[in-house]
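As structure tokens, the structure follows; a few thoughts come after it.
Chain nomenclature is as follows: A, B, C, D and E, assigned in order of appearance, with residue numbering initiated at 1 for each chain independently.
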Amino acid sequence: MTRVTQQTARIVFFLSAAVSAMAAALVFGFLLVFGFPLIGGGEFFSLLARPWSPGQGLYGFLPMITGTAAISFLSIVFALPLSLGTVCFMGGLGPARISRLVDGFVRFMTGIPTVIYGFLGIFLLVPVVRTLFTSAGSGMCILSASLMLSLLVSPTMIIFFKDGFDSVDVRYIQAADALGADSVQRLIYVILPEAWPGIVTGIIMGLGRAMGDTLIALMIAGNAVHVPGSILDSARTLTSHIALVSASDYDSLAFKSIFACGLTLYVLNAFAVIAVRKLGKKRGQAR
Amino acid sequence: MDKPVKIRVENLTFSYHQTPVFEHINLEFDAHAITAIIGPSGRGKSTFLSLLNRLWESQPFARMEGKVWILLDGQWVDIYGKTLSKPDLRRKVGMVFQTPNPLPMSIYKNMAFPLKLTGVADKSLIEEKITAALRQAFLWDEVKDRLHDSAFSLSGGQQQRLCIARALVSQPEILLLDEPTSSLDAGAASVIEDLLVRLKERCTLIVVSHYLDQVSRIADTALKLEARGFSPV
Amino acid sequence: MTIRILGGCLRVFSWGAVLVLTGSVLVLLGYLLVKGVPSLGRDLIFGQVDVLDAVLLKKRVFDGLFPAIAGTLSVVALSVGLAVPVGVCAGIYMSEFATVFQQRVFGLMFDILAGIPSIVIGLFGFSGAIFIHKYISNDFRPCLAVSVAALAFLVLPYITRTTQAAMQGLSIQIRQAALALGATRVQNIFYVLLPRSFSGILSGIILAIGRCAEDTAVIMLTGVVATAGIPGSLLGSYEALPFYIYYISSQYTDAAELMSGYGAAIILLGVCAVLFFLAFLIKRHLAGPAGPARGRFHG
Amino acid sequence: QAGAIDPFSGLSGEIRISGGTAHIPVMKEAAKQIMRANPEISISIAGGGSGVGIKQVGEGIVDIGNSGRAATDAEVEKYGLKLFKWAIDGVGAAVNPGNPVTSLTKAQLKDIYSGKITNWKDLGGKDAPITVYTRDESSGTRAVFWKKALDKGDIVSSANFVVSNGAMKTAIANDPNAIGYVSVGHMDASVAGVALDGVPPTIDTVKSGEYKVARGLYSNTQGDPSGLTKLFIAYLLSPEGQRIVVQKGFVPVN
Amino acid sequence: MDKPVKIRVENLTFSYHQTPVFEHINLEFDAHAITAIIGPSGRGKSTFLSLLNRLWESQPFARMEGKVWILLDGQWVDIYGKTLSKPDLRRKVGMVFQTPNPLPMSIYKNMAFPLKLTGVADKSLIEEKITAALRQAFLWDEVKDRLHDSAFSLSGGQQQRLCIARALVSQPEILLLDEPTSSLDAGAASVIEDLLVRLKERCTLIVVSHYLDQVSRIADTALKLEARGFSPV
């Protein structure tokens, strides 16, 4: 291979990386420019804390922020134990043969479309929730949405956890085995500490997936525009809000507000990413 | 001298993917003795050791038949039977690998690891045991000032001595060593040899080695691995 | 001993987690199949039109899912085809060439991009299309091309990150082996590091394919419609299975339409399953004899 | 039959339609008739609500933007819209068929929507909380209902949102405690129309003018329509098109 | 005999993280000779070899100063200069590692790998060269029927011989061997020793070894690594 092809390859790699990285900035730029009329007036932060009532010219999205927070947090609360348990099962606590089956099943789950969860949510879960909890009204509520969401985010988390587990060098596992570690000890002392970056990545990805999902909340959370008071209340997420309002007049303030919503999601996400990266790094150094 | 037997291998057959490595082996190993295993590369020396602590079981496509008995507390135990768990077995049958395999932690933590597994919590006890084992493996002087460095910053030979020291910490009754001096210089090798000889008091040792001179220096018995079986030397 | 008790709890807990997770998904899918299988059939996909005529695009299918299936397959193929080369190259750069500083900055950008909700990417695609429509070409509207581009943005960071992680996970021995034999950095990448990390990269691509096929939020803002026929050009509207399911779930007018929704859900699931198994087979085939040892946690 | 679709024959091209969701059944049927006879023509239909239809046609993103309300003067002026009304429709409050409450006064309806009445037992029904459903601001159906049935009164913020007439109907059909409002053309046995001050929302009461919450269904174009778009609108207004209107449950204009 | 010099090390200083390993070394290595490097574990023997093919550069926090010259085609080339690319250098300066490092592919592909790097496409030529190299490393008989098995299914010693054979394929002018017989039995080791001696005709060899007897058998010169520098033996 000549020096030229070397250089060319290198440049191609660099450009790809640069372009991909710029994509994040590009999205940010678009949101900023399109949402400028609302944000520019320094109103952005007051929007966060205000209700939504276009009739009175109020375009705050406090309801959507609380809705998003409630639904995504609750779904991680459901999904994290499920995912950790499952990955520990595959990491040596369960029989090898069943683990392999579970692994295949989980990978298959990543392929189950979110819209199918929404669809089944409407026809299977919502009626159940409605009958179990009379105060859930229609059954379209935070609880229904987070339950469905937890199934959506679990496989994502499990796969990243599992990648972390798999990246542990076989020789470490052999060393621990030869020293008489049982499967639990091997897991706790060798695999989990080594797999920590994978676990952090998994949680980022899971949370991102939960906050970023539109369809499940749109289809089964009810979309009411108010600050929810309980997990049995109907609620609207920022994402559903964008989906619902992207349909209004371009030049209306309501339409511009969805860019502010998008921006909020963007910033929330960026904060989460930075925070969790910091956390992972600290842990890495402590070892 | 008529030493009591410690390990008895009965009619053992082993294969990787259909290819047989051992066929119908019957062997006995004396207690408190060093048995050397020699033989050309690729005949199954490392594999044989892994049969004694069941470590081969993590290999796919490996198959074993036959029995291995070990005398523990005056009782003959079938190590492939139900009475003894694999972790317990491996604590009693220590192993040092052909290539050193420190865990991804500090030198200190590597040494404390076997103790942690058995739930020892007393800090001073841990330090005492670690120091003793490192001294025995002639590594103490080289690492005493950098116990909290990563074990990977050690050289190949230092890593191997670390692994020997680590195996000694849990005071195994049997110690399997796979070419324990292959990455050591002559000086370091001879102190390790001394160490092995001294360990006979406490352990039964099985050592894989290429060096006939080494074998003649330390081993009480030597077994040569021929195609699919052993012959005494 | 506390570790023993902890171990027991952990074991029970892990069994429980597996049972709850797989159990609930199996119940859901079972319900879908029981309700939806009766609707499956030639008519569900092709309506009254002859299969051959439909597939050869001689006749249009109105009462079937054929246009939506074709739309979904095109959107997946195009967007993954766009994202994979760029994403893998970017991942290679990150793992093999990037300075520590670049790794930090680009890495942060990728994580951010990966976390951007798909509806926001959809909004971005939508506003991009509006922008082009207003300032560049009045004929440009949200369409297949916009969806494809937006979806590629969506999955790019997944591919980049998994490529990077897979390559960085390789040991120093593997890295040095080919270098010592006189390989250039690029040769080392293509002959050793990439093949060695292939299964890791492929798992990223599986994730990407899954996301493109199932994503509804992006396409609902960038050009998908309820009725459009087979996608004829990159600049036209198109139909897609996930959007159809969403649409039917909330606006079916009679039992027959609802049944077609169940049918579409089963087909989408089937499409995803086929994609999944295809990727799985490729992965197993390529992992070959030197592939990762199985059952390493079960010694 | 001297086909109203004859003018399309031999033509090719694309018509993009979006907007009002009340219109969709008619749009789909018309498109199907045209495309079946003329494979070179493709017609895409999207929803979104009346607001979206007006906006998108105004911006030139679609060729026809449907609305379930007349475009405002401001909208007509801003985009140079041409309005074509091809059916008359009503907007009726509706509940689940299992609900014993089938008639409300306007005051009761307003109280329900403003959140003053929250339990069906206050209206003579069973003891169960009322689930209020509404549409988003883009909906023409909502605009008409809000103006003519609620007299521009408040809509409670805890109301569930749905995105189209079809979705509203489905939601009500599935929720025993629901109340919502839906295009009269869409009403069928899966929901029960609620008589308003004694007048049930049906196609006949709308036609006779007895039921007051009525509106036209419009297709809007930017400027005078031409080409395929012009033919499509002509088709809707033709006898054949009007037959589809009747078949789908609306009042024809001709 | 006054052999011409092949490698000249000038004023070389090397450190990992601030810790110096070598300081101001000056050395010469004879052409067509075997120079043995001996010394206690952890002194920097492996590190020294990596300085001659620039492989240390893939380590983070390593620093080098000084010059290394190699005589190529009658010309003294500064290997850290611009004239010679790293891949070219490494093709001329082959290396066999302390622990065998076959690539994750079949035995055949491992052997063909160096040829692939230089773009050799002629199948029969490739096979010929591979067979020759495997024979030279005394591995041919053991692997000829399983050339398409994964290289990882070989035993430790087989893997090491594979790596030697692989280094020979590209006919290097200099061959660096880091304890090349440490995982071989005495028999296999002595054939490798013979091989090394025969290779002198074609190459200049630098061998790290612990075994003084081996060194005395094969080496023309021996250097002992003391703290931060070399002394002749």
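Simple rule for what comes next: contacts are C-beta pairs under 8 Å (C-beta built on N, C-alpha and C of every residue); 3 or more make two chains touch, one makes a residue touch a chain.
By chain, with names taken from UniProt: A = ABC transport system phosphate permease PstC; B, E = Phosphate import ATP-binding protein PstB; C = ABC transport system phosphate permease PstA.
None of the values given here were measured: they were computed from a predicted structure.
Path length between chain C and chain E in the touching-chain graph (shortest route): 1. Seen from the C-alpha centroid of chain E, the farthest chain centroid is that of D.
Averaging C-alpha coordinates per chain places the centre of chain A 36 Å away from that of chain D.
Centre-to-centre separation of chain B and chain D, using mean CA positions: 82 Å. If you average the CA atoms of chain B and of chain C, the two centres end up 49 Å from each other.
Centres computed as Cα averages put chain A at a distance of 51 Å from chain E. Listed for chain C are residues 3, 130, 184, 187, 249-250, 293-296, 298-299, each touching two or more other chains. In chain B, the residues touching two or more other chains are 55, 58, 86, 99. Looking at chain A, residues 1, 122, 169, 173-174, 177, 182, 185, 250 sit in touch with two or more other chains. Partner chain A is touched in their complex by these residues of chain D: 48-49, 51-52, 54-55, 59, 128-129, 131, 133, 136-138, 157-163, 171, 174-175, 177-178. Residues of chain A that touch chain B in their complex: 169, 171-182, 185, 189-190, 193-194, 287. Chain C makes touch with chain E in their complex at residues 172-184, 187, 191-192, 195-196, 288-290.
Within the complex formed with chain A, the chain B residues making contact are 53, 55, 58, 85-92, 94-95, 97, 99, 101-105, 113-114, 116-118, 163, 166-167, 170.
By the touch rule above, chain D contacts chain C in their complex via residues 14, 16, 18, 21, 24-25, 28, 31-32, 35-36, 39, 42-47, 59-62, 162-167, 169-171, 186, 188.
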